[in-house]
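Next, two complexes with chain A in common: one pairs it with chain B, the other with chain C.
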Partner chain A sequence: MQGPLIDTLARRGVTRRTFFKYCATLASLMALPPSAGRAMAEAMAAAPAASRRPSVIWLPFQECTGCTESITRSHSPSIEGLIFDAISLDYQETLMAAAGHQAEEALHHAMKENEGKYLLIVDGSIPLGLDGAYSCIAGKTNLEALKEAAKGAAAIVAMGSCAAFGGIPKANPNPTGAVSVSDIIKDKPIINIPGCPPIPVVMTGVLAHYLTFGTVPELDKLGRPKAFYGETIHDRCYRRPFYDQGKFAKTFDDEGARKGWCLFELGCKGPVTYNACATVKWNAGTSWPVESGHGCLGCSEPDFWDGGGFYRALSRPADPLKMAATAAAVGAAAGVAITFANRAKKSSAKAAHETVTLADLEK
Partner chain B sequence: MSLEDIRVVVDAGESSPYQADALSGNAPVLLRELAEHVRQLMAAGEPTAIDLNALPLTPADLDWLKATLGEGEISVTLHSDGESTLAETACPGVWWVTHHNESGHVVSRFIEVAFVPELVKAHPEDVKTGLEYLESLIFDLS
Partner chain C sequence: MNEMQFLTWVRGPGLDIAIGIFLLGVLWRLIEIYSLGRKVDVAPGRHRDGASGLHTVFRRSVPPPGMIKRSPVTYIGGYVFHIGLAIIVFLFEPHIILIRDLTGLSWPGLPSQVIDLVSVITLGAMLVVLADRIKNPVKRYLSTFADWFTWTLTFLPVLTGWMAVQHLLLPYTTMLALHILSVELLLIVLPFTKLFHAFTVFGSRWYLGKINGHRGVPV
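Up next, the complex of A and B:
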């Protein structure tokens, strides 16, 4: 790639005006002053694409690749994806063409060449159990790889809840001994971008901020950028007026659910979850979980998987570990009964099952 | 069972989540801020912008603000990555700017104070490309 980023964009049909518009919106989303949009656009448009693009190394550990899926499906792939043209993504297993020895060589070359300057992106948690044997790349445990790559990094981005807080691998009983990046690395600036997966524009926004200003954005106490994680889902939720009026959906098919009332009693974790879903939304701004009729799972908070059940309202004591022995026995009995009921349901569902054909979907 | 057998009920009325929506009282003060920005534009030629999404404004506030500022003589529509409108208000130099994405949702909203919003002007680099294109058209004539 040659010439400034803006030329590359132009070749792909993205005009200067489109790019400036994107940067203005990005600055607005990040709660930066409107003038920052222009500064961003100019800094990025002029970024010399060929010579010294900032090197970015992306290491995948104990993860599902959902974060990569999310970022590569950002809603304006023509632009947000091209933020990547302003960087030199030197190692990303899912996206890179090289494999095996060549890939390892690219990684070590990038680390040596850009020592002290590269941005390290990590997705996935790091297993410490069995001396880290649960997850290895090129014969190295994730722990070794992380320590080695972190040494020369200017900053680390922990992409997704697994890298930021341990995520699903760390959920009870945490069989692999998974921990987060910040549990291991203590001497580098770490930006946590939690979410399962994080919102694409949050990822690209943080990258754009780093590229433009060369600094880490302002972070909250859990290391998350305040611009995106400054407010709870609940505070920005369009169903908030119903909460204030005490209008709640009690089941997923009652009158309240149909009328779009608050999902708090159905287990919505919006009040304790800091993320930007309510304002930025998902899938090209189409919708987001609460707008689709389901409560927030709280995926951008630490240990969201162990919150005591996605459908249990927050105000009820929800710690399964504190359940008394008798209650556990009652629970077990109820569980058996439910299993039988489910089995009956399953067989009747099987009997009534009709295969959906393509023609059905096109009706 | 086919899809048609599932009864879909759509409730009209009382369902708008914005029913509690009302003027917050945050909009009128913006007029004073705008006046200050316009003075600055006249004195130093300095353009500014107010990010409306960054302020605690209700939809009713935005409607009030838009109606109060009124409509001017000129409005520009930008067709790129969704539609954007840049409309001058009844106060020349004050522009109401709305950016939509490809699916038609508003992604950002600004009030710009400028003689002409930066986005409307053609960039010299683009003009250069335009000239090359024009020359190629002339070349094709012969």
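Up next, the complex of A and C:
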């Protein structure tokens, strides 16, 4: 098998064999049959004949660029990074050399040339407050830009929790009126890849799937690819046996923490978080949050920022005794009131009681 | 409202309301019941009271001779599900964390697999007890809406909790939220139904034992 991507990879010291292995890994990660690995390799290797490379437009809205950092810096130079060679990334503010009018021109050119075919990647939430004035690019609000770019897109990838669910900008009290991509765009296929940031291989896996099959992967009801968001962190966690045995770290520096026991009591949100961290890990499989000793924050779930505190165990309520004093006082008052009512009833019954005399019985 | 918001609500405002109503109801009912009082019994006691009250508290937990044979389902089923509930509520680690958070008290728990087994046994015992209530004509005749209702409210937290841990039917997050919600319903209803026996059972046994002792039938 030959192709521009294979050549590019070879120049960077990545052998054909390594590339195949990578594709096979991606396919198995996404629970696809082994033959899909080869299909992916063929599709990606063949695609980049300059004019036929699928166009990708990446729009940044209310975001921190963490998602881009995650992809580009994860383990660069990596095969993941090189997947970008299989696509034509026509607009990405952080990565592109062009700026100002040139950048705008590139965007509009790409949208016109690939009408109906390009893949739109969005990171960041869209502010609706003050008519969208909180975030503008080239004089246009994010809302306008998204609607315009979505019109000609084949599919939209909402990268990161902000684009997928509103994320941190949407955190209570949501001052900018931030919403997610799926809150605005209703008529296009949307793939949500939440995470703060998302795992790089999830991003490339979805891209590879799209390049190979031309379709979006199977999604759960929150629009996330089931292959990566099918199971909870907790169920795949290597510390799970400690949870089952009831062995918990109580603080971050106690005996339990040193022995690597379960972080549930320290607020780990693993049981309610669907993501692939526990299996795929981060930084080329080096580690992941729980392995490094910190509980899961649940960053790939909607509204994780307002989930009741990162260091509060899931079984611990937010503020359970808020009404306790009032309730106790009202309850006691009700009890006392009824006591008086009962006593009054009793004494009136006593007062109304007529003694039966012998004379009565003889009547 | 997505499932995470649902969970956050039941852990937050939902629980506040439930615990509030629970405390209100418990205090109200306790004060009401214990302030009712009785007419002073002017007749001299036929027997010294002794510890008849205290003895009755324990004796009534033991079936009278021959009764286990006569109605095994009531006794054995009753024991199994009451003890099961106590183990699940007080010895499951996440529950202990909740109790520690509310009261500051904590104790060691049991492995979750053990709790799992106990849950299945408890659910089974409750179903058997329910079947007996339906099948047995006397029990069915004596049952009112409140009996079916309180059985359901006791059954649901065990069922939803077990299903959440086992990942059955619904995603864990939703099931966990439903579990907490079912417990909240139980908390709200407890002070105002026969479930209030959780608070009054030993008090009333003591009272009856003392009266019986006074009248010459000491235990």
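By definition in this document, the second predicted complex is superposed on the first by the 311 of 363 C-alpha atoms of A that agree within 3 Å, B and C clash if a C-alpha of one lies under 4 Å from a C-alpha of the other, contacts with A are read in each partner's own complex, and residues count from 1 in each chain.
FYI, a contact is a pair of C-beta atoms (placed from the backbone, for glycine too) under 8 Å apart; a residue touches a chain by one contact, two chains touch by 3 or more.
Remember, it's a predicted structure, so these values are computed and weren't measured experimentally.
J.: Go through the superposed model and pick first if A:K186 touches only chain B, second if only chain C, both, or neither.
T.: neither
J.: Tell me which partner A:T232 touches in the superposition: chain B (first), chain C (second), both or neither.
T.: A:T232 contacts chain C only, not chain B.
J.: Using the touch definition from the top, say if A:H101 reaches chain B (first), chain C (second), both or neither.
T.: A:H101 contacts neither chain B nor chain C.
J.: Tell me which partner A:K112 touches in the superposition: chain B (first), chain C (second), both or neither.
T.: neither
J.: Counting only touches as set out at the top, which of chain B and chain C does A:D244 meet: first, second, both, neither?
T.: both
J.: Regarding the shared-chain residue A:D303, is it in contact with chain B (first), chain C (second), both, or neither?
T.: A:D303 contacts chain C only, not chain B.
J.: Which chain A residues are contacted by chain C in one complex and by chain B in the other?
T.: The answer is residues 244-245 of chain A.
J.: Would you mind writing out the residues of chain A in touch with chain C in their complex?
T.: Per the touch definition, chain A meets chain C at residues 222, 232, 234-235, 243-246, 248, 264-265, 271-272, 274, 298, 301-304, 306-308, 313-324, 326-328, 330-332, 334-336, 338-339, 342-343.
J.: Report the residues of chain C in contact with chain A in the complex, numbered from low to high.
T.: Contacts found on chain C: 2, 4-5, 7-8, 11-12, 15-17, 19-32, 35-36, 93-95, 97-98, 101-102, 108-113, 167, 171-173, 176.
J.: For chain A, which residues are in contact with chain B within the complex?
T.: 6, 10, 14-18, 20-22, 24-25, 27-29, 31, 33-35, 38, 75-76, 78-79, 238-239, 241-242, 244-245, 255, 258-260, 281, 284-286, 352, 354, 360, 363
J.: Taking the touch rule as given, give the residues of chain B at its contact with chain A in the complex, in rising order.
T.: Answer in residue numbers: 1-3, 9-11, 14-15, 17-21, 48-51, 53-54, 78, 80-81, 84, 99, 101-103, 105, 107-108, 110, 118-119, 123, 125-126, 129.
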